[in-house]
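Next up, some structures in structure tokens.
Both of the next two complexes hold chain A, though its partner changes from chain B to chain C.
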Partner chain A sequence: MLDEPFATGSTLFHKRDPRVKIIGAVAISLVLALSSSFLVAGTGCIVTGAMLALSNPAPRLVLKRIISVNIFTLFMWLTLPLTYGGEEILIFSFLNLSMDGIRVAALITLKTNGILFCFLALLATSTTADLGRGLEKLGMPEKLSFLLLFSYRQLFVIHQEYHRLQRAAKLRGFTPANSLHTYRTYSYLFGMTLVKSWNRAERIHQAMILRGFNGRLIPLNQPQPVKADYLFLVMMLLISLFLAGLSFFPL
Partner chain B sequence: MSSEQPLLELRNISYSYPGHNTCLLENINFSINNERIGLIGPNGSGKTTLFQIIMGLLKASEGEVLLEGTAMKTETDFRKLRRKLGFLFQDSDDQLFSPTVLEDVAFGPLNLGANPDKAQKISIRTLEYLGLKGFEERITHKLSGGEKKLVALATILSMQPKLLLLDEPSNNLDPATRERLINILRGLDQAHIIISHDLDFLASTCSQLYTIQDKTLVSCKQKQVHSHEHIHPYGDQPHQHGT
Partner chain C sequence: MHISEGILTAPVLAGGAVLTTIGTAVGLKKLDYDRIMTVSLFSAAFFVASLIHVPVGPGSVHLLLGGLLGLLLGWGAFPAIVVALSLQTIFFGYGGMIVLGVNGFTIAGPAVLCGLLLQPWLVGSRRQQKIAGFMAGFCSMFLSALLMTGALFLSDQGFLRAATLLLVSHLPVMLIEGLITMFVVTFLARVQPEILSINN
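Moving on to the complex of A and B:
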């Protein structure tokens, strides 16, 4: 569940410095998020789609992500055309289909997917640990990046503890059903997960103290951005500028 | 001066859990310089607690911990002590928290003030010494149990401590890894105290044996003569006992 399936690879997206990718992702997704033009959203979707294709991800995994994000946009399609108002193209007895609503829903869908592609191509191709360090180097407060790295690490621990308990329950013949017994068992599981994770976090903290930790994480040698990274950054910013420029064309 | 004082000394250490009236450990006196000591005793007798008191993770109700003759009183004192003493946890999962092996091994040296280059060199050397060459970029939580134990040992050795406290290091190791650990421990220069229930393991890594009896630390005799009854057949014939 908590794998980083996109982070392994050797394409040009995987090789770039996380800092460059973070800046690029912010620049492109910001333009996409703020635009209200179909030209920008559509072109953005195509460009980021191409970027995603270049990062060579497993098609099945991408499809899975696209589906899970578009469950959200599906709700937009179900509600907006009926509630948005404005120019109405179809009028039933009590349901009016609004052209503006359809337009907004389509725009949101394009923007959402464009940003998803952009994040999958740029951010998912780095490990969370690398992103955390990248953010720190970009000037995010040390405490926050520390928090990010450790929440991520603890997530694994909590997930493992939960699975261990779940397995223990399963091995003793527990099958979930709609019964009080099931609810009680699940609440025990959640409670125990919390307690055990807490204890484990405390032991990890002890281990850190024993090794001289005093609140500051000192990173091991991190590669400096090379020429290719700067070139990549310029390209990402150009894409972002190009998309922003498109919004001046009326469509 | 430090050559006359033992590396680590415990004076009249007593400990009771907060809120409990009865003592878990009572009046423990002990000192170690460069010996290799095994510590054996029933579950719940306070062996791990003793280690935690030594490292300053728990505060003794009475008595003091001395490092090279200086009493450790404050957290700052214990910070100094932790540079010289390495504690290997029972559960390696508690000890490894960095994403990659190299980062985890370098964590200690970096905290002790080594620059990243030096920390990396020390870490790689330590990993090589333990036969873990090529493990640098492996993901810590995806290692096998034996590998985790050895990496956890590396994270401690990279801080170049003078004394190792090992809490049940041979637990859950397969015979080959256990043998490997024995050889590593025999080859180290450091003094160590090992908690274990594995008498064979202690016999091959330690020269003295202690146990916790009646809440206090006592030295075991090298050999003990005792009589016993046999409930297995042929007990009156000469035979060997398993440990």
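Moving on to the complex of A and C:
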């Protein structure tokens, strides 16, 4: 379950330098996040959807992401039309459907999904390691990028450790229920995971000191942006400007 | 526990980004290279905690354990939580890049605050450790839910009732967080007590 299925591929989006993609993604998402116009959100959704299609992801995985991200949107759809107030279109004895509530929920849905598409097309097409290094070159503090890269590296190991403990509990007949015993068991499983993480951290730290670690991680390949990357950056910025410009049209 | 992209307004997003940047900067400043590996691994463990689903009533909730991280790492928990949240965005699409500032502060802020206030009790008697554990889990979750409600309300007054519903629905989660954090602390006190004094 822990993998980066979007990061493998050979499309235009996969080949670009992570730095360019990060800047483009921030520019486009920012415009979408700040807009309150249906024209911007709707056009943004279409444009980023097209970008996502160009990055050629597996449809099943995209659908899974859309569903998991829209759980919050669903909550908004279930609550806002009933609680938002303002202009009401349907009045039952105690339930009033608010038009403004529906409008806000619809706008949120467009914005959330537009930003998701942009994220999947631009950022998910790089591995986390490449994104981390890209962020560092864009000025993220060295220590923070170290934290990101190392947490990412160890994530899989810790996850496996936890799974091993969980399997062992299952083999001993543990079945989760609504009981204090269940909560205590989960706590001990996680506590043991922490103990193992702590001991692993000590060992890794010692091994790195032994190899002359002084706080800097030196990547093996340091790609430089080429002409196509700059061209791509200009295109992404133009898209974001275009979307920002749309917000001046009243709709 | 994450607010998705596209819901909050510019001032709230900007405020969250500023607060998270400050918190992360302070956390990083207080973090030396001898402890950075521990913080990285605990950040990964925090990420794994969010994959653990425990049964509550007919459904299940996933753990957060920000309070525990705050208790163990103090200020170091701030960057650890922000990093784990970024990884969650990358792997599962929860939260998002623009809203990371707000989500980061709603979760890491209370975690660090509760952690720093309750840390002295971690090295006290068994009873004090239990109370510190429960309070860290419960209070940090409560404050996080409160901040989240506040962020939604500040963005749009119309969200008030939906946000209140969200706050109330988090009440059982706060209890679970408190209990689990308490049990983890007592477990650590018996198995590897050094972990409880990493920050001292």
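The working rule: the second predicted complex is superposed on the first by the 237 of 251 C-alpha atoms of A that agree within 3 Å, B and C clash if a C-alpha of one lies under 4 Å from a C-alpha of the other, contacts with A are read in each partner's own complex, and residues count from 1 in each chain.
What we mean here is this: a residue touches a chain if its C-beta (ideal position, glycine included) is under 8 Å from a C-beta of that chain, and two chains touch if they have at least 3 such contacts.
Bear in mind the structure is a predicted one, so any value in this text is a computation, not a measurement.
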item: Partner chain(s) touched by A:Leu210 [first = chain B, second = chain C, both, neither]; value: first
item: Chain A residues touched by each partner, larger count belonging to chain B or chain C; value: C
item: First, second, both or neither for A:Val40, with chain B first and chain C second; value: neither
item: Contacts of A:Ala27 with chain B and chain C, given as first, second, both or neither; value: neither
item: Partner chain in contact with A:Arg200 - chain B first, chain C second, else both or neither; value: both
item: Contacts of A:Ala129 with chain B and chain C, given as first, second, both or neither; value: first
item: Chain B versus chain C as contact partner of A:Ala106, first or second or both or neither; value: neither
item: Which superposed partner A:Leu220 touches (first chain B, second chain C, both, neither); value: first
item: Common interface positions of chain A, toward chain B and toward chain C; value: 157, 200, 204, 208, 213-214
item: Contacting residues of chain B [partner chain A, same complex]; value: 55, 57, 79, 82-83, 86-87, 89, 91, 93-95, 97, 99, 102-103, 106-108, 110-112, 116-117, 119-120, 141, 155-156, 159
item: In the complex with chain B, residue positions of chain A that touch it; value: 127, 129, 153, 156-157, 160, 200, 203-204, 206-214, 218-221
item: Residues of chain C that touch chain A when the two form their complex; value: 2-10, 13, 24-25, 28, 31, 33-34, 36-45, 47-49, 51-52, 54-57, 63, 65, 79-80, 83-84, 86-87, 89-94, 96-99, 156, 158-162, 165-166, 176, 179-184, 187-188, 191-192, 194-195
item: Residue ranges of chain A touching chain C (in the complex, touch as defined); value: 1-2, 4, 25-26, 29-30, 32-34, 41, 65, 68-69, 72-73, 75-76, 79-80, 83-86, 100-101, 104, 107-108, 110-112, 114-116, 119-120, 123-124, 128, 131, 141, 143-144, 146-148, 150-152, 154-155, 157-159, 162, 176-178, 180, 182-184, 186-195, 197-198, 200-202, 204-205, 208, 213-215
